[in-house]
Amino acid sequence: MTRIAILGATGYTALELIKILLHHPDAEITTLTSRQESNPPIAMVHPSLTDRLDLCLENLGPTEVASRADCVFSCLPHGVTASLVPHLLDAGCRVIDFSADYRLNDSEVFEQWYGQKHSDPDRLGKVVYGLPELFREDIIDAPLVANPGCYPTSVILALAPLLKKGMIKPTEIIVDSKSGLSGAGRTLKLTTHYAECNESLSAYNIGRHRHTPEIEQILSTAGNTNVEIIFTPHLIPMDRGILSTAYSLPVGEVSEEKLLDTLREFYANEPFVRVVDHLPGTKDTMGTNYCDITARVVRNRVLTISCIDNLIKGASGAAVQNFNLMYGHDETTAL
Amino acid sequence: MTRIAILGATGYTALELIKILLHHPDAEITTLTSRQESNPPIAMVHPSLTDRLDLCLENLGPTEVASRADCVFSCLPHGVTASLVPHLLDAGCRVIDFSADYRLNDSEVFEQWYGQKHSDPDRLGKVVYGLPELFREDIIDAPLVANPGCYPTSVILALAPLLKKGMIKPTEIIVDSKSGLSGAGRTLKLTTHYAECNESLSAYNIGRHRHTPEIEQILSTAGNTNVEIIFTPHLIPMDRGILSTAYSLPVGEVSEEKLLDTLREFYANEPFVRVVDHLPGTKDTMGTNYCDITARVVRNRVLTISCIDNLIKGASGAAVQNFNLMYGHDETTAL
Amino acid sequence: MTRIAILGATGYTALELIKILLHHPDAEITTLTSRQESNPPIAMVHPSLTDRLDLCLENLGPTEVASRADCVFSCLPHGVTASLVPHLLDAGCRVIDFSADYRLNDSEVFEQWYGQKHSDPDRLGKVVYGLPELFREDIIDAPLVANPGCYPTSVILALAPLLKKGMIKPTEIIVDSKSGLSGAGRTLKLTTHYAECNESLSAYNIGRHRHTPEIEQILSTAGNTNVEIIFTPHLIPMDRGILSTAYSLPVGEVSEEKLLDTLREFYANEPFVRVVDHLPGTKDTMGTNYCDITARVVRNRVLTISCIDNLIKGASGAAVQNFNLMYGHDETTAL
Amino acid sequence: MTRIAILGATGYTALELIKILLHHPDAEITTLTSRQESNPPIAMVHPSLTDRLDLCLENLGPTEVASRADCVFSCLPHGVTASLVPHLLDAGCRVIDFSADYRLNDSEVFEQWYGQKHSDPDRLGKVVYGLPELFREDIIDAPLVANPGCYPTSVILALAPLLKKGMIKPTEIIVDSKSGLSGAGRTLKLTTHYAECNESLSAYNIGRHRHTPEIEQILSTAGNTNVEIIFTPHLIPMDRGILSTAYSLPVGEVSEEKLLDTLREFYANEPFVRVVDHLPGTKDTMGTNYCDITARVVRNRVLTISCIDNLIKGASGAAVQNFNLMYGHDETTAL
């Protein structure tokens, strides 16, 4: 039984993670942390956990965490994580990090997009990006896994195979993504106040969303070329789900059939990617770890449509998939 | 042209009020106040007002407000209003107050339910309750009108005629109300954070919602007897609309037909109350100043169902209806 | 491994049932039926099942079904089920029936509320009502289980303990229930057309909803007295969830504490009922087999609030709970 | 007072049209048609019109309609309208047509995209496209106006100024549009069944949506060049609103400032187009005839974001705007 600590357990990804791990036969959650002083039972913060998990949130340092856990899932904000991870690793923990702190290879890129110095820059470039469909082998033995962002997961899974096979141009890629509002987190903001965002729809962070360099870096690695995207995220009045519509230029002749065949072949043995003929809806993936992908050709432009549940395949499901790989469980356990 | 000031113009009722008044031929909004220091243009706070109203929010005292306005709509919180109203009235303004400060007749009841001393207790009991369907004549000349609460409007309009006619018992009345989330205001709270309340449904403030004494007082006046209700409000995942299902005991024999006839007769000349045979939905009243009411008899219990748009008939539409009465306009102007 | 057939597999309860059974270690879905002629793969009807269940819908008679299945879950409409069940039982199948056909004890009551003759009237009164919290022992060996209706589950679990203990009067009980729209099924209707029901709220079937006699019968059995309710269902713009607010009269003196203690004691060993101090929201139970219950006292009236996921504890989760009991599995398996 | 007939009055655009015209001082609705045989009162079909419009739906031919109306708004389906319009025009009516029948100039293009022969092909190319911002002068005296499609309105208003000024390339334009579900009409379909589409998001009709040739034709006229777009519509779980995100290539150097200046100058005198600095949300335009537009530059690609209420500026509001122009009223009357 692997002992689990979850850092920053008050948010939605932590809640989803707890729910998944409660069904995991080889994981025991021993520790939940939060900066709150009052040490409330987790069920007071997440009423849906009533009678399911009898733990209190605690404000603990890395040494205490390491004494209670073999594997640490960190749901802390960007910047905070990197100040703790070295201590956890030194103390022998393996870490799955939900923040962006270890996703980028280059501390300058991090500083440019996240507006802060990186506190553990030397580790950048040596941390595996926790997308099993691309980096499974490296995840298995990794002490530290950078769990992918939600938008990046939906975009990378759709485009990586086509870039790898040289079927699309690596530049002039337009990614128009749409996300449900749980993706904006649990921190109170006017933009996620019900009567503001319900029955409305808007774009945000055009040209400056922090998932842009992450998508480009991973696709550049996958395609072994310099990938450039224009990324436009939108907020959709629903709880969960991301749908990414990507437009790219074909290299040579393509057809819908060829695109779908390529995707199908690439993901033939993947348990959580479904290449489908129909146009998928986010609800098809809600509550699951699946990513549904299809492709079309319109006026000599390649369109890919991909969707996920942002809290599962886009966060906590992916984290458990990584955990399963790291600890030798069947990759689909509890998912 | 009546010059209008709106106090506390950042919330949803103020926004709705502005939108209605912009269509009013005899109202000119001259002043918008807010405690914000920065004096932003109203369109920055409410983007839907872009190019429609070229005013800034200002942090003004009652003297300044009175110098610019004939009629003041106060959308300030409970407690704050009563500290300003005496000054506004002394300066010659007429005031339509959205808060609960002048709705109750008894300062002790106010203090018990609102948890604070009333700063203008001597005026209580002398202020007209701005429900034209019951108190039209008193509104016409009133210097100060206490605009009704949203739940009370839906409940009182359904039950007052039946109490007045002695068709239902004044006690053991159960009111099960359901409201959309704009009723909870624009202040950020976890309960109105999108990913918390969307796709969920819950009761709140059972037995201690502040609209309870307001409903009881007005129904007691209407029925000339001591009315007692059990009031249970619920939050519904939608922007707007209140539906109140009330259960009361008949006095003597009743039938659905007799109930509907009584309601129809009572509201025969009312422009904004529709007594309907079908079971109304809140959407039938959305964006309008209507209250739709029907009645049923089940196992010798009288059921009334009534619905309104909480921001219009439940707040800003009612306020403009009062304004029209106070200033001699057709009661339906701009509504 | 128990072989499973699901009759009427195109609706939402069947979909939810399939998803649960796919996680069940001792259940193998072998057969899915539908009256459709074209035998489509189930994933064409429910795209979320793509790559998860490789079966086609078939239009099969009871003999064929019985040859392929040990246990039959029937999600067929009222009336249809009772014409098939005798054949399935004769052929040795055990049956869990989602329809109302075997819930009522009296064929006359059935005919009065469902407007049709019952085709298997002699069996009525001998079929166990599949609510394990009340009838666990009888479920274990039952050849046929009548799976409870969604509203009844939420209402009965809240009131049965209080009636059993004689804490509330069995008559004059008012039940004001609110349900998400999946409860209305997958058949196209104007009332469940998105642009009609979204952002709206209405009552329906007042005084004549078919769950009324079901609730009364089971509560009468539980309380060993003649229970009468006034039942008012409402449609809420959300996918899932039922919240029932019930108002009853106390017998003798009650307090919130005493009510909660009684409920807690009654459900002390129940895995799927959570008695909570706070006011529960339907989202707390979404996607789970839990029923959350609390109680309040207001003006000497007992209020109970209970909520469930209508598709899980209100249908398919309860069915699997029954299946687990019938086949000797841990009651919580796959739930 | 202009006498108005509305053909096909059971749908959402007709309902919205009626609501707007009820506030119009110079329009009297005399006639509502539908193919229903039973001649129900309009309030039975649209309960929100109770006590507001006392007319029945009638199944009338064009002669009867023409005898009762000066101006006919046709909300009939594609194909049906063109069989009636010639008769209405011959009888002296002026017609505002909501269908696509007279939007395209070329009957072959119509037949290719709409899959049917055009029954009045000679008139094509001579009918004004009812977008006042581009074709105001031609609308004023037009006997027949082709009211624009909802998506086209949002896209054309954003791109036409930039094409006219030669600031963007006319080809390789990608338009990623998102629409609320009222745009799909009132006809029952599984795709608009609440429990299917709520909390979900999907693309549809990729590469073959019928608004594609309409957008291209009008933009080609506006830009005096051959415009080609890739158009991807998406369904969003909300009632109303369209947001179109368009990606185009700049000609020469552009900046956000220059784009916004160009748009502002172009629409300087337009009452219903607001060029805004912020990223607009559809809710800013809900219930209004406004189109909000902004622009950005990302990696040398021009992004425009535009939004409207699909039922108002995208249908019935635009129709009344055209009506006002045709009958010499202030263009904003009742809007």
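The letters A, B, C and D name the chains in turn, as written, and every chain counts its residues from 1.
Everything that follows uses one rule, which is that contacts are C-beta pairs under 8 Å (C-beta built on N, C-alpha and C of every residue); 3 or more make two chains touch, one makes a residue touch a chain.
Everything numeric here is computed off the predicted structure, so don't read it as measured data.
Trainee: When you check each chain against chain A and chain B, which touch both of them?
Mentor: Chains in contact with chain A as well as chain B: C, D.
Trainee: Could you work out which chain's C-alpha centre is the most distant one from the centre of chain A?
Mentor: Chain B.
Trainee: Report the inter-chain centroid distance for chain C and chain D in whole angstrom, where each centroid is the mean of the CA atoms.
Mentor: 46
Trainee: Between chain A and chain D, what is the separation of their C-alpha centroids in Å?
Mentor: Computed from C-alpha means, the inter-chain centre distance equals 40 Å.
Trainee: Could you state the distance in Å from the CA-based centre of chain A to that of chain C?
Mentor: Their C-alpha centroids are separated by 36 Å.
Trainee: Hey, what residues on chain D touch two or more of the other chains?
Mentor: Residue numbers touching two or more other chains: 196-199, 237-239, 280-281, 283-284, 286.
Trainee: Give every residue of chain C touching chain B within the complex, in rising order.
Mentor: Within the complex, chain C contacts chain B at residues 174, 176, 178, 180, 196-204, 206-207, 228, 230, 232, 234, 236-241, 243, 245, 247, 279-284, 286, 296-299, 301, 303, 305, 307.
Trainee: So in the complex, which bits of chain B are touching chain D?
Mentor: Where chain B meets chain D, its residues are 47-48, 50-51, 199, 274, 276, 278, 280-281, 283-288, 292.
Trainee: Spell out the residues on chain B that touch chain A in their complex, using ranges where they run on.
Mentor: It is residues 12, 181-182, 184, 186, 188-190, 192-199, 237-239 of chain B that touch chain A.
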